[in-house]
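Each in structure tokens, the structures are laid out below.
Consider the two complexes below, in which subunit A is the common component and subunit B and subunit C are the respective partners.
Right, the complex of A and B next:
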């Protein structure tokens, strides 16, 4: 392919000093570690053609005089394939009611007396129709809340209607229920497994920590969650050969200030529950959590330190022969090692708001994302893109909130990101910026989201430079490929 | 090249022939995590960058910040230069990528026309809605009749304990 005049030295790349080496990355998603000497040669165009290092750098698109334009364009296309697909994640907030009083309660759940915050059947149907009017081949409905099981009739309606609707549409439809499991019963579980709905439960760690973060009267939410997690897995294993897809249960863990000293116990609690991994999610000062940040929040350094200890522990567990995944690291490793998009909506350019996900509130209002919906619960509807009763999909996509989030999260337009070595793998969150710093663009050098991800990327690349750890990350990606739904 | 002004402020003079203004601005922006930077032009060839640190620090720390700024300035000039020289290559490759057919082409959806259900599908949907509405009505009746809930598992936190 004919192209512009080649550069005499290096092709476009980003650089960061890390652990005594130079990490170079490029827009096409490749990375390479160089010694100081090799880096100086790369800069000056002095690497010897034909040497092993030259060939590897050439293959990865770092040698300006020998660029495979067509191959790199293909890599860029695959890495950013989400740009052409439309929103695939559709969050259904079937109720704001909840029977827990979690310390962080990012979902801004409301008192049980406010039954007006249940999604109606009409709003549910219109939300499903809106989802199907979007262009994505892959559709995921994720039931959130509040506690979705408090509006079980509407959850079961959406499951049946979406499955029925998809018989003629033939999309890749997946359904997932995010629940605290305390209102689960056998009938509901039968229904969910019959309709191939995966279950993702809240699990913050060992009982004392979980029940402190997620109080449920005088009862232990942890004990009930654990009982159901085991029952879901028991049923999955009992059905052989499987007549349908019964998913392994997964969990969501939220890190509060109280979680920080218990990195080992949190990992052990997930291992003891027979789970395949843990997702060490940082807390964000969005919605209700913003109001109580002083009590339960923490700084980027504290979180990254917690994450580093937990990840190193997990890597050692894997090296001892027990496969166990840290899900955030696995998703970022997918981007770094496979140059592919794992659908991690927080880490994209532009971010997943609108173009990757939509959140349907109980009243039919649609938001760019669940975080945007949480801001609305505090009285600010800046991230509302429309309503399922009065707008079309095209209206939503043309709304100022949708377009504003795309523009603000485009890393090329963010000064601190545009030349960052982690740009090919990272993303910013306009809702976070808005809540924490007062504007969609924010100020990245002072931004905790940026500091957290910079810390995590530093850690991941340091570990990826060690062959035995790199092998663990690669094994996680192999497992996820085998287990991906067909 | 640099002057320490006081308890928490350091001024650095930068030659604009050596470091283009874009590089100076960019470097100053990166220091916003610890300082409020101010850039003042001194003629056409020089700029004066004042880093007003957000916390009061000792002179030794100020000297370190000055050194860090100068080091970052060098690094940013290099990065700016690499990207500037390669801009046409980068744009060419991205343009090629945009013109390629999608890796997994999503079938064009027919929009609202697809939302029209057949009569049979409408009947099925009506049945589902009726079923759900009946369940919701039963639940409401149960609540009105204070349906037994001996374990209290349906109660929300506020129902069980009142508002905090």
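Right, the complex of A and C next:
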């Protein structure tokens, strides 16, 4: 015989025990911390309407008998907006050549003297045309390499050609250059700022660490990078009122085994450079880095420990009154606190491969993502979706690699993820799975990518439960909203 | 789920119950394990799959065979859970995947007036000229 009908049966939710509390999350991206007693009541449908906790859980879509379907559907649509858009990030590998010999060299770059790996103007033009064949209203061209400044004529051609094309297409076009800055000069910077190209430089930390991770002959790559970062910022501040959008310089930091003890110095180096934040990123054993993983790699626990120390240090800096953002945490906080998509392609379901980004190689080949291109550089073209000279955009979108990545990275199809409390905010990388575990699906309980993200989410939620830290995360989101281009 | 080590023949064998494991999960695991081991299905008892594994390279010590068999069982479980999850969440998966792939497949709006061929060619000529001026080096400075 059925018992009395519960007055507040729980809607489907995910749960994780964290710091003595129960963290519950749901598909719409809401989260709530519950005591053991309240959690037992929620599960049993014993929470009584009218209490403060019931009201809040109802508003967040945890009470199955009182769901606001329209509101929750709207939340789902905002959170998963990328499902309706198509690829927006287009990575142009204008050359594989590089003047550095970075230890991890994820770009699988080749020596600066080899000329056969430069993108031609013809391939560049076809790549821009391919990009405009896609449906997304927002388009971002990101120049990568190798060192893109080694093929400056093609970089400048793409900038001008894409801007010109967009005069009739009217998309939201943004351009970004990822560079080590050692080949920058005044003319190039003038051109980039005139055409509103944002600049993202590699900065691994203090000089000794940066130059160890990123050797550049006998010269200090760090000193040159720092000089140009300051010059970019000086020019930005000097132009008042701004006649055009001059972007603040941003940086990418890659963590090698040698970086792990220097969490404080890495943060300090970014502060000293006048930057507004740091983007702490783990290294992935993909492409070249896979071959040297024994020398420069580390385990998930080591990385999460490094990240915890750095994050806590950054939070304390903020609490002392200096705004300074950790970008990984800020992006995840946007998903958690605002239930919005920060366009972080590595961390969504399905992942950004194909449906969110495409990588155009120097030879016209197109890949699901830059990681997929790196795998091809080691001789395995599993992630190639086509070629700009021989395929149409529809051909690319119909390719097995594109569909396979989409299918394999859907968390609802991953046994370990489909019930995880972090599913509403997380993502898997099929290229990582393929490289580290031999299949697109991977085996998540033994997967380092999963262990790292689980560790980071644990850290974030533990800190979000503390009001003063929560305030810091919220202030980062307020800042980024104010600074977003209109 | 049982496994057995035979040091003399340098092989490990694993036995999986057909009640819990589908043929597709076992076949997927065999395929995934092909780089690490030579896998063959041995004459199996009714109601069970029996897979014999021989390391693809290196010595067949007790430790390597144990690791091989343990890893195989772990992957088989992962594959079976994946199939079960697909059955459980199949409808949701289809909705999301269809939406994502359909949206990405749509062609962009045709450019009303894309860059004229003459204009595009002029930009391209300029870029090629820059390359020539720099003496074949794509960048004007030495690397």
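Quick note on the criterion: the second predicted complex is superposed on the first by the 478 of 486 C-alpha atoms of A that agree within 3 Å, B and C clash if a C-alpha of one lies under 4 Å from a C-alpha of the other, contacts with A are read in each partner's own complex, and residues count from 1 in each chain.
Just so we're on the same page, a residue touches a chain if its C-beta (ideal position, glycine included) is under 8 Å from a C-beta of that chain, and two chains touch if they have at least 3 such contacts.
What you see is a predicted model, and the numbers here were worked out from it, not measured in a lab.
Clashing of subunit B with subunit C is the outcome of superposition onto subunit A.
Using the contact criterion defined above for the overlaid structures, shared-chain residue A:72 touches subunit B, although it does not reach subunit C.
By the touch criterion defined above, A:441 lies against subunit C but remains apart from subunit B after alignment on the C-alpha atoms of chain A. In the superposition on chain A, A:95 makes contact with subunit C only, not with subunit B.
In the superposition on chain A, A:35 contacts neither subunit B nor subunit C.
Of the two partner chains placed by superposition, only subunit B is touched by A:43; subunit C is not.
Judged by the touch definition given at the top, the superposed model places A:15 against subunit B, while subunit C stays out of reach. Once the two complexes are overlaid on the shared chain, A:133 sits against subunit B and subunit C alike. Of the two partner chains, subunit C is the only one that A:355 touches; subunit B does not reach it. In the superposition on chain A, A:406 contacts subunit C only, with no contact to subunit B.
Of the residues of subunit A, those at positions 80, 84-86, 97, 99, 112-113, 121, 125, 129, 132-136, 150, 153-154, 156-157, 160-161, 164, 168-169, 183, 393, 415-416, 443, 445-446 touch subunit B in one of the two structures and subunit C in the other. Those residues of subunit A that touch subunit C in the shared complex are 80, 82-87, 95, 97, 99, 112-113, 115, 118, 121-122, 124-125, 129, 132-136, 149-154, 156-157, 160-161, 164-165, 168-169, 183, 185, 349-350, 354-355, 393-394, 397-398, 402-403, 406-407, 410, 412-416, 418, 438-439, 441, 443, 445-446.
Of all residues in subunit A, only 1, 3-7, 10-15, 27-28, 43, 64, 67, 69-70, 72-74, 76-78, 80-81, 84-86, 97-101, 111-113, 121, 125, 129, 132-137, 150, 153-154, 156-157, 160-161, 164, 168-169, 182-183, 215-217, 392-393, 415-416, 419, 443, 445-446, 451 touch subunit B in the complex they form. Within the complex formed with subunit A, the residues of subunit C that make contact are 32, 35, 74-75, 78, 81-82, 84-86, 88-89, 92-93, 96-97, 99-101, 103-109, 111-115, 119-120, 123-124, 126-128, 130-131, 134, 136-141, 143. In the complex of the two chains, the subunit B residues touching subunit A come out as 26, 29-33, 75-76, 78-80, 82-83, 85-90, 92-94, 96-97, 100, 102-104, 106-109, 111-112, 114-115, 121, 124-125, 128-129, 131-133, 135-136, 139, 152-161, 163-164.
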